Amino acid sequence: MMDFPHDVTAMRREFHRFPETAFLEYRTAAIVAERLSELGYTVKAGPEIMRMDGVRGLPSDQALNAAKEAARQAGVAEKWLDRMPAGQTAVCGELQRGPGPVLALRFDMDALPVHEASSHQHTPNAQSFSSIHPGRMHACGHDGHTAIGLAVAERLAQPDAKWSGTVRLIFQPAEEGGRGAQPIVASGLLDDVDIFLATHLGCQLPSGQIALTADGFLWAEKWNVTFTGRPAHAAMCPEEGRNALLAASLAVAGLYALPRDGQSDTRINVGLLQAGRTRNVIADHAYLELEVRAASSEGLQRLTEGARRTLEGAAMTQDVTVGIDLYGKAISANSDPAIMTRLETAVLATKTGITVRNWPIGGGDDATFMMQRVQERGGHAGYCLVGADIAAPHHSSLFDIDECALERAVTILTAFVEKTA
Amino acid sequence: MMDFPHDVTAMRREFHRFPETAFLEYRTAAIVAERLSELGYTVKAGPEIMRMDGVRGLPSDQALNAAKEAARQAGVAEKWLDRMPAGQTAVCGELQRGPGPVLALRFDMDALPVHEASSHQHTPNAQSFSSIHPGRMHACGHDGHTAIGLAVAERLAQPDAKWSGTVRLIFQPAEEGGRGAQPIVASGLLDDVDIFLATHLGCQLPSGQIALTADGFLWAEKWNVTFTGRPAHAAMCPEEGRNALLAASLAVAGLYALPRDGQSDTRINVGLLQAGRTRNVIADHAYLELEVRAASSEGLQRLTEGARRTLEGAAMTQDVTVGIDLYGKAISANSDPAIMTRLETAVLATKTGITVRNWPIGGGDDATFMMQRVQERGGHAGYCLVGADIAAPHHSSLFDIDECALERAVTILTAFVEKTA
Amino acid sequence: MMDFPHDVTAMRREFHRFPETAFLEYRTAAIVAERLSELGYTVKAGPEIMRMDGVRGLPSDQALNAAKEAARQAGVAEKWLDRMPAGQTAVCGELQRGPGPVLALRFDMDALPVHEASSHQHTPNAQSFSSIHPGRMHACGHDGHTAIGLAVAERLAQPDAKWSGTVRLIFQPAEEGGRGAQPIVASGLLDDVDIFLATHLGCQLPSGQIALTADGFLWAEKWNVTFTGRPAHAAMCPEEGRNALLAASLAVAGLYALPRDGQSDTRINVGLLQAGRTRNVIADHAYLELEVRAASSEGLQRLTEGARRTLEGAAMTQDVTVGIDLYGKAISANSDPAIMTRLETAVLATKTGITVRNWPIGGGDDATFMMQRVQERGGHAGYCLVGADIAAPHHSSLFDIDECALERAVTILTAFVEKTA
Amino acid sequence: MMDFPHDVTAMRREFHRFPETAFLEYRTAAIVAERLSELGYTVKAGPEIMRMDGVRGLPSDQALNAAKEAARQAGVAEKWLDRMPAGQTAVCGELQRGPGPVLALRFDMDALPVHEASSHQHTPNAQSFSSIHPGRMHACGHDGHTAIGLAVAERLAQPDAKWSGTVRLIFQPAEEGGRGAQPIVASGLLDDVDIFLATHLGCQLPSGQIALTADGFLWAEKWNVTFTGRPAHAAMCPEEGRNALLAASLAVAGLYALPRDGQSDTRINVGLLQAGRTRNVIADHAYLELEVRAASSEGLQRLTEGARRTLEGAAMTQDVTVGIDLYGKAISANSDPAIMTRLETAVLATKTGITVRNWPIGGGDDATFMMQRVQERGGHAGYCLVGADIAAPHHSSLFDIDECALERAVTILTAFVEKTA
C-alpha cells in the first residue's frame, strides 16, 4: 500500500487533500480497508454491507469510473476497488476479543461539492493540505472523522487495550444528502449490535467540550423538482411560451417565505436551480433541488404541505407542469441514557473535557437510521459531539477545524469502548 | 466530397438532420464551401472574411474540437476545416461576370440549442429527417436559408443566367445571439458592396407572401449576469449564508415585471439560470443569461435602466454582489426603397407571390450590421421576408416550415440578381 | 346661480379647482345643467338619461351625501341636485332647429383620486387654480372637456350659428373606471342619434394637431380581487395563519410579470392594494383593484387567462381563497370614415391645425359603448383627439394641459356641427 | 356608575362585549377607576401616571373623541374621562395597610383590530357576549386580565385579607403594539416598587398549569414603512410611472424570505399594507406596518439588517424612495428566582395547579419595560402565565379562553400578595 501516515492529524490532512463526494469515496475507502486489514481487523466492504435497493442520487457511471481511476492513480490496491462496485464504498472492520457485547462505532467519509477558499489565511492553504480537486472540499469535518476512526482502530488493536467482546468500526459513505446509512442498515450490519455510537466534530460546540447527547436532529425531506413548460421565440411570440424558469423563480421566492413555525424550528433551502437553455427562447424546463427540515415530524408535515402548495401554485401561474420527486428523508433520534452515562464516565476518566447535555446539532445525520435500528432490536444507541472550534461555518469554503479535537476524540472513543466492552 | 443533394428541399432536410449551433457550423460550412467551389465560385472562408476581436460567447476549445471532429466523421474535406480555425466558420463565394455592381446576398447557417420534439405529427419525424443531435435543432429555418443559398449559387452559375457584375454569396455563422455578422463586417467584406439583401423565411408571414421591407427589427442588449454570495450550512447556520440563488430568483420575477412601455414595444427574457451546487448549502453563485429588446433605442434605454436597477436591487436584498456583462447588442435598420422596388419587380416578373410592405419581423437579425455598413459606404441594402407557413412558433421544438417556400425563394432571389446586376 | 364664467379657459380653471370623482360630480353637473338651461337647451338629467342596473362601484351613501352637501355649499341650485339621486349625475342639453340629423357630442366631467402636486412650477399652483380637495385632481383633462362642452353649447345657441336639426350635448359622469357611459346607453339616449362624436384632449398628441380617428382603444377588463385567509398571532403561532397579504403580494409580482404579447399590445396594472389590519396578526384579508388591457380581444383573453391563473396560483401557495369580481369592461371601437371626412373639412375650414390619422390613444374611453350603440342603430360615430401639450403624463400629479387647445377644440366642434347638421 | 357585575366571569364577558383598542380604552378604564375607587383604593389616572413624550401611533383626535363619546354613551362617569386626555387611559389603584414592601401587579386592558368570528360554535356568540364593535375584538385575553385585576382588587380590599404594605394595581393601555408600558415607566410609577408581577392567560399553556417564569420573550422592532413613487396613466404611459405598490409587494415577498437563523428563533410579519388609489394609475404610494422579532438581540440585529436591505433593494428596483420609521421596540426580560419561589408557594398553598418552569411565551409583552425598571432600581420582578385552554390561537377571530382560568388566577394572585406583602 501507499505510504499512509499513522498520526491522526497527518491522516486528517491527507484525507483533506483528496476530498471525494458521496458514493465516490474510492481512495478513502480503500485506504481505510487496507489499514484495517493490516491491523488485523476482518474487513467487509461494498455489497457485503450495503443493500442499494431504492438508493437515490447515485453518481453516473462516468463519475464512478473517474473516481475509481483517480483512486487507482493515487496508488490504492485494486482488490479493494474490485470489492466496491457501483458506489458501494462502505467499509467495516471487525475485531473479536473474548466474550462481551457487540459494539459499533460509525465514521463518515464523504466530502462536499464546495470549492475550497484560496485565502492564505485559510489553514489548509497556509499549511499546504488544501483540496487538490477544484469544486470539492472536506467542509464538514468528515476527513477528521475518518482519521479518528483509523486511530481508534489502531489503539483498540493494541494487545494492552482493555476490552472484551466484538468491536465493529463502520466507515460510511454519503452522509451528505443522507443516503449512505440506510443501505448499510438494510444489509443487516446493525442487527446484532448492543452498543452503537456515532460521532461528529464541531457543530458550534467549542473545543474542550463534549456533548453527550444531541437530540436536536431535524426531520427532513429532500426533493428534486422539475417544471416543464413550452418553448417559444422570446421576441416574436413570448405569449406562446410557458415559462418554466419564471415558475421556478417564483417558487423559490415563495418557498423561502413559508411561515416560521411557533412550535418547531424549521429550515428550507433550494440549493440548486437549473433552467433554460438559451437567451432568446422562453425556457421550457427548470430543475430544483431543495430540502425542508423541522424539529418535529408535525412541523415537517406543515412545511412540506406548504412547500407542495407553493410549487403547485407557482406552476399554475405559468401554466406549466410540476413534478416533485422525493429524493431522501431524514429522521430524528434520541440517545439512550445508558450510553450517555458511559460516555460521561469515559470523558471524566480521561480528563479530556467538559461534558454538556442536550447540545442542539441543528442539522441532520443519517446515523439516526442506524440508531433507530439498534434501538428497535433492543440495543442502545448514542450520538456524541466532540467540540472543535471552527474557522467558518460548516459547509462554507473557509471551514476548518481545531485539530486538537482529533486526538481528544480518539482518547474518548477508546475509553468509551474500554468502559463498555 | 460526400454525396450531397442538389434539390433545394433535399438539401434543407440534410442540413436539418445535422444541426450545428453558433460558431460550430463546421459540417455545414464545409459542405457550402465545397459546393461553391465546384460551381466555380472563388471561395473565401474563416479568417479571410472574419475579424474576431471582441467576439463574445465563443464555444470552448473542447466544443470546437468536438464539432470539427463530428464534421470530419461526416466526411467533409479536411482542407475546409483547416481554413476555419477557432469558430471562424463563415464562407463566401464570389462570381464575377462582366462589368456591373457588386451584389451581396446573406444566408445564415446556425441551429439552436432546442431539443426537437418527438411527436409523430412533427414532419421531420414523419419524414425521417429530424435532428440526430439531442438538444440541438434547426428551429428557426436557417437550414432552409443555407439550402436556398446553395440553390441560388447554382442558378447564377448557369451560363444562361442573365446578369453582369460581381455576385457575393455570404454564408454567416452565429446569427442566433447576434454574433456572426459583426466579425464579417469587421473584415471589410461589405465595404465595396453596392446592393445587399438578406433573407428570412417565416416570421408569421404566410406562404405565398413576400414582405418587401421589414423595418420592425428590435433594438436589443444581451447580458450575462453573475450573482456571488457566501455559502453556509443550510440547516445549522442559514443566517451566515448570502443566497445568490434567491437573489437571482427575485431578480427574475422583477425583470419580467418591468413596466410595459406606451411608446415602444418591449421584450425581456431570462433564457438561462444556473445557481448553486448542492441541496444543503446556501447557494453562493448564480448565473443568468438574458436579453432586453425594444422597438426604439429610447425604449431600450428605459428598459436597460430598469433591468440594471432590478438586478442591483435584488443583489442588495440578499447582500450579494452582482456583475453584469454586456454580451451582445442588436441594432435596427431600414431597407432602402430602391431595393424594395427591384424586389417587387422580381416577384411580379416571376409570379411567385403577393408583396406586402412593412411586415414587422418582431425579432432581430444581425444582418442589420451588414445593412448599416453597406448604407454607410453609399450602397443600398434591404431585408426580405419570404412567407412560409410554420407548424409552430420560431424557436419551439415543433417548429417546421412549409417547404414550398424554398423553391419560391430561390426563384425570387435569382430574379432579383438578374434584375439588378 | 353662482357667478360662473363664460370664457372657456376661465371655466376650465373653475372646474379644475373643484375636482369631483366618479358619480360624485354634483357641483359640476349642476353648473352644466344650469348653464344649458340658461342657454335655452332642454335639459335632462339623472334617471331620465341613466339606467343604473348593474352599475358597479357606486360611492357609499355617505360619500354621495357629502358630495351633494359640498355642491350645495358651493352654491348650486337645489333643484338640480334633486334631479340627480344616487350618483346619477349625467346631464344632457338638447336644442332643435329645423329639419336635419340628430347629432350628439360627448363630454366627460369626472376627476381622479390623485393628489395634486404642490410644486410652484405646476401652473395650477402658479396661477392659483389648483384643487381645493386634497387627494382629488383633474389629472386627465376632463375639466377642459366640460368647459369645451359649455362653450360649444353657447356658440351653437347663437342665432347666427349655421346648422339645422337636433344637437344633443351629453355630459357624462364616471368615465374613469369606464362606468358612466353604459347607463346612458341603457337609457336609450343614443338610439336615434345619426352622428356621434366624442372628444379628448392630449393623449400625447401635440398642440396644433387634430387626430381624426383614434382606433387604438384597448380592450379591457377591470377586476376587484379579494383574498381571504386566517388570522393568527404573528409571533406565537405564525404557522396557524393563512397569509392573505403575502398571497396578494406574490400575485402582484406575478401579474406584472405576465408575458408581453407578440401579437397585441398589452397593459396590466394593480392600482390599489389593501391588506391586513395590524402588525402582530397574520393578515387574513387582502383586496386588490386591477385592470388588464390589450389591443385585441384575443390578446385580452390570453392576458385574463394568465391573470386568473396568477391569482389562483398565489392563493394556492398560501392556502387562502380568492374571489375575482368583474368590475367593468371596455371595448374598442372604430371611427366611421364619413365622420372623419367631415371633421377634416371642419379643421381645414377653420385653419385650426394639422390633421393626423390613426393616432393611437393607448388607453380606453367608455365612449366606445356609445359609438357601438350608434353604429348598431345605423348611425355614424367618431372619436377625435385634440392635440394639447401636457406638462406631465395623464393621471400624474403634475398633469396640466396647454390651454390654447381649449378654444381650438371649441372652434372645431362648432364647425363640425355646422358642416354636418 | 353603570351597573357592573362583580363576578370575574361576568366582568370578563362585559369587557369582551365592548372591546377598545390601544389608547382608546375609555370605557374600560373608567369602569376600572370607578370600581377601584368604590373599593377604597386611591386612584391615579392619565397624566399622573403616564408621560407621553415620544409615544408613537396615538389614534387621531377623531378616533379619540369617538371613543370617549362611546364611553359616555355607555354610561361611565364624565370625571374619569376628564382625567384621561389624549389617549392617556392608564389607571392605578393603590392601597396601603401597615408597614411592608411596595408590591405592584400589572393588568392590560386593550383589544385588537380583529373582526370577531360569526360562527355559532364560537362561545361568545353562543353565550351572547361577542363584540358589539365590528372590526374590534378581545382576541388576546386582556378582557380576562382586566376582570382578574378587579377581582383581585376586591379580595385584597377585604378586611380579612392577610397582607401588609402597599399594593399597587396597574391597569395598562396599549399592550398590543408595545406602547403603553413605557409611558407608565416614564412617569416614575415603578421607581419605588419592591415586588412586581405581570400576568398573562393562555399562551399555549393548558388549563391547570401555571408557568412560573417565562423567559422566552422575543426582542422586537416595529416599523412603519413608506414607499413613494410617481403616478402615471397605467395604459398610456406606464413607463413614466414609478410603481410604489409593486415595490411594496416585492419587499413583502423578500421580507418573509429572510433567512431563518440557526442561533436565534426569529419572526417577521407585515400586518398591514395599503397602496395606491385607483385602478388606472400607477400607484405612487405604499404604506406597510411590520414587525421583526428574535430570541436574542444579535438575532434581531441580523434580521433588521436584512429587512432594511430588502426594503431598500425593492425600492431600488422600482426607482422609488423608501422611508423606514421605527415605531416601537420590545425587549426581553427575566423573572427573578425570588419571585418564582413565592409564586410556587402560592400555587402550592392554594392547590390551584401544576407549576411549570421556562415555558416559552413565544411573543412579547411590554411589561418587560416595567420589569427592567424595577430590577434596575433594586426590586424583584416576575412574569407569570396562567394556563388556559384556548379555542383558537391568540389574535385569531375564533380566540376564546377557558373561563375556569379566571377564578384560578384571582386565587393565585391574591395568595401571592398574601405570601409576599
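Every chain is named by a letter (A, B, C and D) in the order it is written, and numbering of its residues begins at 1.
Note that in this section a residue touches a chain if its C-beta (ideal position, glycine included) is under 8 Å from a C-beta of that chain, and two chains touch if they have at least 3 such contacts.
Quantities reported herein were computed from a predicted structural model and do not represent experimental measurements.
A.B. asks: Is the number of contacting C-beta pairs greater for A-D or for A-C?
C.D. replies: Ranking A-D and A-C by C-beta contacts puts A-C first.
A.B. asks: If we define chain centres by averaging CA atoms, which chain lands farthest from chain D? Would you check?
C.D. replies: Centre of mass proxy via C-alpha means gives B as farthest from chain D.
A.B. asks: Please compute the C-alpha centroid of chain B, do the same for chain D, then give the distance between them in whole Å.
C.D. replies: 66
A.B. asks: Based only on mean CA positions, could you tell me how far chain A sits from chain D in angstrom?
C.D. replies: Roughly 46 Å, centre to centre.
A.B. asks: Approximately how many whole Å separate the CA-defined centres of chain A and chain C?
C.D. replies: 66
A.B. asks: Give me the residues of chain B that touch two or more other chains.
C.D. replies: 233, 235-238, 240, 243, 246, 250, 253-254, 256-257, 259-260, 262, 267, 282, 362
A.B. asks: Using the touch definition from the top, list the residues of chain A that touch chain B in their complex.
C.D. replies: Per the touch definition, chain A meets chain B at residues 112-114, 135, 140, 176-177, 203-204, 218, 220, 222, 230-238, 240, 243, 245-246, 248-250, 252-253, 256, 267, 269-284, 286, 289-291, 293, 361-364, 393-397.
A.B. asks: Would you tell me which residues of chain D are touching chain A in their complex?
C.D. replies: So the residues of chain D touching chain A come out as 253-254, 256-257, 259-260, 262, 265-268, 362.
A.B. asks: Under the definition above, what is the set of chain B residues touching chain D in their complex?
C.D. replies: 233, 235-241, 243, 246, 250, 253-254, 257, 259-263, 282, 299, 302, 306, 309-310, 312-319
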